[in-house]
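Down below are the structures I want you to see.
Look at the two complexes coming up: subunit A is in both, with subunit B in one and subunit C in the other.
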Partner chain A sequence: MSAEVTVTIDGREIAVPAGTLVIRAAEMLDIYIPRFCDHPALAPHGACRQCMVEVEGQRKPLTACTTPVTQGMAVRTQHTSEMAREAQRGVLEMLLINHPLDCPVCDKGGECPLQDQTLAFGPGASRFAGEKRRYPKPVRISPLILLDRERCVLCARCTRFSSEISGDRFIALFERGALQQVAAYEDEPYESPFSGNIVQICPVGALTAEPFRFRARPFDLTSTPSVCTLCASGCRTIVQTRRGEVARILASEDPEVNEEWICDKGRFSFPRAQRPDRATEPLVRKDGELVAVSWAEAAALVAERVGSARERGAPIGVLSGGRLADEDAYALSRFARGVLGTADVDSRSWTADGEEDAVFASMLGSPGATYSDIEVSPLVLLLGCDPREESPILHLRLRKALNRRGSALFEVGPRATALAREPGARSILCSPGTEAGVLLSVAWLLVNPFGLPVDDATKEGLSSPGRAALRDASGVADEPVLALAEALRAAGGRAVILAGERLSRSPGALAVAWNLACALGARFGHVPRRGGFRGELWAGLHPRLLPGGRRVEDPAARAEVERVWGASLPPVAGRCARAILSEAGSLGALFLVGADPASDFAGFGASAVEAAPFVVAQDLFLTESSRRADVVLPARGPAERAGTSTDWEGRAAEFEAAVAPAGLSLADRDILAMLSGALGEAFPTRTRDLRAEMRVLERSPQAPAAVGAPTPALPEPDGLRPFSLVTYPLLLDAGTMLAGSGALLEIARRACVEMHPGDAAALGVSPGDPVRVASAMGEIVGPARLSAGLARGSVFVPANQEGLRALALVDPFAPVTAVRVERA
Partner chain B sequence: MAVVDIARSLLVTAKHMFRRPVTFQFPEEKKPFAARYHGRHRLNRYADGLEKCIGCELCAWACPADAIQVVAAENTPAARFSPGERYAADYQINYLRCIFCGLCIEACPTRALTMTHEFDVEDDSREKLIVGKDRLLAMEKALGEEGAG
Partner chain C sequence: MSAPGGPSPRRPAFAPLAEETRAAMRRLMARYPNPRSALMSMLYLVQAEHGCVSEAGIEEVAGMLDLTKAEVASVATFYTMLKREPLGRYLVSVCTQPPCALAGAGSLRRALEEELGVGFGQTTPDGAITLEEVECVCVCDGAPAVQVNYESYEHLTPEAAVELVRKLRSGGAVPPPVHGSVPVPREAIHRELAGLGGHDPDRGGGES
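After this line comes the complex of A and B, so read on.
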């Protein structure tokens, strides 16, 4: 590929790498060759024949999208060649023979490449006088996607996307000749979390999306570039509005981040804004009922209660939930620590141990893994993360690395992800909570027999005494561990280690993974599930961290923050969310800012919110938590606010508001400034002042430093074993930001209890049988599903699926919840 | 010379005393308009009663005064308003904005929107001058050919 060749296109010379397609070379010269099937992200196909060009020395025109350039090639496009012009006109006339020309009712009308190119290059009239091909319309290939076959020009972009990019082969081209058509298996609907992309890349109106069908004409929409904040992938989007309401969301292009894809959750969940449980005005509890009041009254009440709590010396807890924009997160951290004077702040909804903060502190101050690193890395180690469900665009990028770049992937955890099916991927299944043991074994192999050079402290940490016991508990054989260690040694500093937030359920595992990355010089990435988490972590919404990843215990770091804020900070570390909630009764006030502990911590969270004497909830909706609060302050939601969002890589992107806010809602930072005013404290009221402070508090990047010896622990055994509960939320579930999304929720996976076939046989369970899963917290019954991609002795139940909420089973105080499983 | 001028202008007046007057007694008396006169709009139906409008919004897009609003929806077997899949669930013309240029009826692909010879646009409130689908469909009985414009 390194050799360059020189070609002449329309008389202009250009040097391009050998193997470049003619159509790409022409683009470099700003010469546009019309096309339908060609798409830069998809393999060349040559289906539509629209890109015909004349090549000197060839008798017939060639398709520019499949012809690689050769040295000295002379290409003439429709601009200079009558042959190319004639060929393109002919192809357009042929394509239009069966195309219905129902542009006025077609959703694509106005942004349709067929329409545009017919106008630009096509014949004015058709010579075809016969009857056009007709099909019954439309075919519903999924609850979200409709197919009008008579509009299709058989470019195969959708089928190629499905097989090449998303890897869900639910649609294919059937039949031959004039009857060739895109079709889905009737008993297997096109239920892919990436299905919306095929609508966006369809060059005609053959594929339309149910949520946008007939809602507006594309030319009547106002576009605002935005960033999707529903997960930590950081996808660039375009929010299109009509008459002040979001009409649709499209993927925007960023080759560094989402390329040009987004998932269906980001694309189709916008109808949430019209939900009736949206909080649109401040509410205050009076005689047991939440009643609407003015902002001034609500702020005065909060100030009064906070003031009396301070007088009594009662602690104040502040929880956020990974949903805030960066500026809002920073404002909350400043409000909690600087104005309320509390250290009890946390943004994590998972149960965490104390070793995380050292990793986070070092991670925030050093460059981490990026999407580009993943693409070129020979080895990715994936821990505690299911990208297809938690960060779908990361899944696509990992899939690309495996399929196109020949990378290898190892994943360690109790449940295999969808990536395990890809070439070069290997799943090491271990008991939940024992990931630390597997990682310690890998590290020990690397340091001792393989002789990876590390300092003594790291060596000691990696040879932790609990290693052997943990390894035995994990149930992992020697061979895969050895294979992983060898692969890591071979990849060295080019390896990428990705850790999800669930890795923290294995005590010490995050620290071991971090130290391993430091020892190898590998890139490390932390992939949280929620889009605002990274920004909240940076802002210091963590009991032991101040803005910029500064440690609370470090007096110099504290002084830096105190200087910017003009306030003195409590020198002690705060309590984590779990600890704050378990002593909610003794709190003076509990602030929930985009946090919903009553859902995230199920019954434990709900009773904590009930027990807290005064609860202020800043939220978009009346959630399980905010409907139990004493004051509900309506915040602005996605598309209603401007701000910055930081994705899992640490890459920040600004976005603008696209629609007017609902009711009287205010941005979180404005609510906090108002509350500070009511408390008589100074607080920056303008976003740019907050941003200026954030810039001052930004630390210069440092090399990642290994953290002290981790202390992995074995999950506590108890009488309910042998089963351990594995649970996490799937992409589409009964979550707050998805409720009311209509057709999108129809493709959510049905709830089930997933078990290993061996365990199922031992219990006499066949697929579909009702299974009872009981923990100390409660019990649920769901249909069994057998999967070999699950560690023995584990049972997987999605955390928050409609009708089967495993969150109700989770023990908030144990890293791994032990359950009893039986046939119901 | 002034006397001659006065006499000349008196002669003009005198001549008109013996001609048919141009003035007619509106509103008692009405005169036909030019066939393509741009009066108030109407929405048309097919002979079977289905609406010709397919809710394509091309009229709204063509309108230079932003006077037309269309919101489309999908026909269902139980509630069918137009042939095909799409119909106008809401159709409004704001006569406080309309400049009667006729670009909307030129844009209409189904001749669902045409202009009548009704020209009196007056009412006692702003709301009443924003005319909805019900009143536009009722204009069918108004003067003028369906093909007007």
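After this line comes the complex of A and C, so read on.
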């Protein structure tokens, strides 16, 4: 397939795989051929004509970006060929006929390929004496993106990105000839969660982003390599600052992770750090009001109250929220278990039984799926995850696998994701909470008729009486289940199974998915929604897991941790977040570290925080929870401290601080060290000491091991509330980290109550009608939206959209919330 | 569709496409391995029904082909035979390229503009005739040439051209051109351009 051919470029020979483009072969020889439209991640296009080279035997110059090399080809670039030089000069001169010379006021000035190439290769003066083409400026193609058409050189990078990479085909080249221009259709704005990428790849200043336009000159910015921690995608970024404030965030390149793309949430949500509700000094509640105090006073108060709780033997709860850097998460785990001596530690907002622990324990110690696995896998099974909303770069990689590699994708769940529209994708819609039944049926088919070897326990689990009932309740026909089983059998160990955290809402489903992966030898990936979750899980911010995925009930594992910490660990399993919160009144103290239960658990969480006698909140902001706390300890934000972040793959990446910390804030690990000191306990005070301990606690990789037979549970029907609520947060919502992000929030989707057309017809609901959704916890009213991509009997409401928060409906004690739906 | 980015002038509202037009579009889509290949033909069918590529038509075609409206408009604004304003019953296209210009296209244009009271790109208020300028209709030996609904009349004098449009306007019979046939109303032309049957059996293009 990939036979090598030898080409000569500017007299230098190189052997490259057949099919390599001349421009790429030249790059391998460090020969730079000027270009505007060429982009390695996009298909060859040949629009700008800037990369003309001379090829021996051809009468006319050819575009290096569309010409594949052939055996013995002799290419001469502008460095050695007058023909190439002349052609490139001509193209540049033509592009500059209509391109304005407004570099001094253009945002791209200083980092503009057209400016650079004009300086390097262009003429000093123009022969064009006429008037340049002008347009009224600028066109707002979305709330975030502005287009100055007169600067555009029609390279089509933006439109090609939108169709090839992100699939949001809302911009196209309109008109023809000299009037050709990029445009969005009048009533169809370019609203894409990936829109900022087109600004970054625009080779001129035609596309600019509202949050950065006219704010700074590129050459005045200081760049710091960083990692985005807003979700678990793990994108490499460059944080650019001016006068100590973040001015913009760019995508950085990592072919193994985000290639060179980031989503708009990661790119445009940075104003969060400069918000008025930012916690900048320690606060202590005095006479009902939070008042600013010194760190010493705050630490002394915490030590006094926690000390007396420890003496009384009152339980102490410690919650994190998936937002910590790995070192901070580890420090918190060490502080909670080693210093406070509690096992009531959790970072999850869901409850799951022992099967999940076993999966996490094995997963943390074994190699899992990676982005690269996905790209080459013939079959991906996607469960309990909506990547476009929860891990956008994973969405792009899956899209790439489907469109470029011809992979297949099956998803099982109550709501079809955006990927279901891609070629090779198939959505199996099932009632919420019945995923385990569908997966058990798939596993049964693989094991029994297809003869997949599994251990006895697994085989026994497949015959559990719950399977058939659950399968019936799922509402899924036989054909898609058979198709999925056959696809998995065909793909075998090359399949990839991805499970999101919502899969845990179907008891047993995660364990079946994990066991399937083990039996097939397939790669498994757990995709959490928040960027810090994987690091927190590794650290042991889990009621039954110690650092490295060690089981708390395993004495040998406990001893390993005790040796490192020099402390004795409670040998008991702790309680999960919901259990801790539901008995908050009996706690001695509640620590919230980057956790906001009053938002995540709505009313239930808020009353729990109120009920707890002493609440310490370590947070960036005065959130719904921290404003109810007794002590608020200001923590440093993502760009304000160095650390490590682990993405969903388990891949760790270090980042540096890019800006000075807000006010008196400290890194979480430093706050915990200070509190330990106040309690008279030894604690590592330096990040490198924490890292050294973490390295010691790293387990050597093991093969993934199947977990015990899952115990699926049938969702209980509720006569008064016959619908099941499907809900999760969308990428852009009313979440804490996004507040204050201005134009970004304008592209947040308007919240709707989504229902199946059949259900809507039965209820007499038409699109746009107000619909009331009521659970035992509360009710909300929103406009109806009909979608066939939803299981019958389900209703989808985004968790936390401005004006419509399904979080207020969620029953914290049921895997699936039953609701009544009616026309309001 | 509008000039992208510019404020959009009020457009006449068009009724949804007739069911038989939609059925014809579905037949066109079925002709190709990739239904999108039928896009241009479908736009001609919109034009047959609405006299132009209407916004309503763009929306329907985008929906049928699972394209965005931007993708459809990109094609609709590229091709000059796809119109954005409703056409009159007859489209009179005056070639102004050098061979015709040298043979008197300028006086033809002036005579037609005076007779019709409209300029290039405009339609007479009675909706009978749209006058437009075109680049070469491939009968340079017959310069100056004018097309009426894509039938070419050659060696026209200003008087003959005026006489021709008067007959078209009054609904009277017009003589056939030297080559080709008597112009047919534009609905039929656009159906033919869509690949759905031709008025001239020699040209083929029957429904397949």
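List of remarks:
Keep this in mind: the second predicted complex is superposed on the first by the 820 of 824 C-alpha atoms of A that agree within 3 Å, B and C clash if a C-alpha of one lies under 4 Å from a C-alpha of the other, contacts with A are read in each partner's own complex, and residues count from 1 in each chain.
Everything that follows uses one rule, which is that contacts are C-beta pairs under 8 Å (C-beta built on N, C-alpha and C of every residue); 3 or more make two chains touch, one makes a residue touch a chain.
In this text, all values refer to a predicted model and were calculated from it rather than measured experimentally.
Residue contacts after overlaying the shared chain place A:13 against neither subunit B nor subunit C. Judged by the touch definition given at the top, the superposed model places A:181 against subunit C, while subunit B stays out of reach. When both complexes are overlaid on chain A, the residue A:170 reaches subunit C alone and has no touch with subunit B. In the superposed model, A:82 lies in contact with neither subunit B nor subunit C.
Residue by residue along subunit A, subunit B and subunit C are tallied for touches, and C comes out ahead.
In the superposition on chain A, contact of A:554 is made with neither subunit B nor subunit C.
Within the superposed three-chain model, A:253 lies out of touch with both subunit B and subunit C [touch as defined at top].
Judged by the touch definition given at the top, the superposed model places A:689 against neither subunit B nor subunit C.
Overlap of the subunit B and subunit C contact sets on subunit A: empty, with no shared residue.
Of all residues in subunit B, only 54-58, 60-61, 72-74, 84-86, 109-110 touch subunit A in the complex they form. The part of subunit A that touches subunit B in the complex is made up of residues 102, 104-105, 109, 137-138, 213-217, 219-220. Across the interface of their complex, subunit C is touched by residues 135-136, 139, 147, 149, 169-176, 181, 183-188 of subunit A. Remark: subunit C residues 1-2, 4-6, 8, 58, 67-71, 73-74, 77-78, 80 touch subunit A in the complex.
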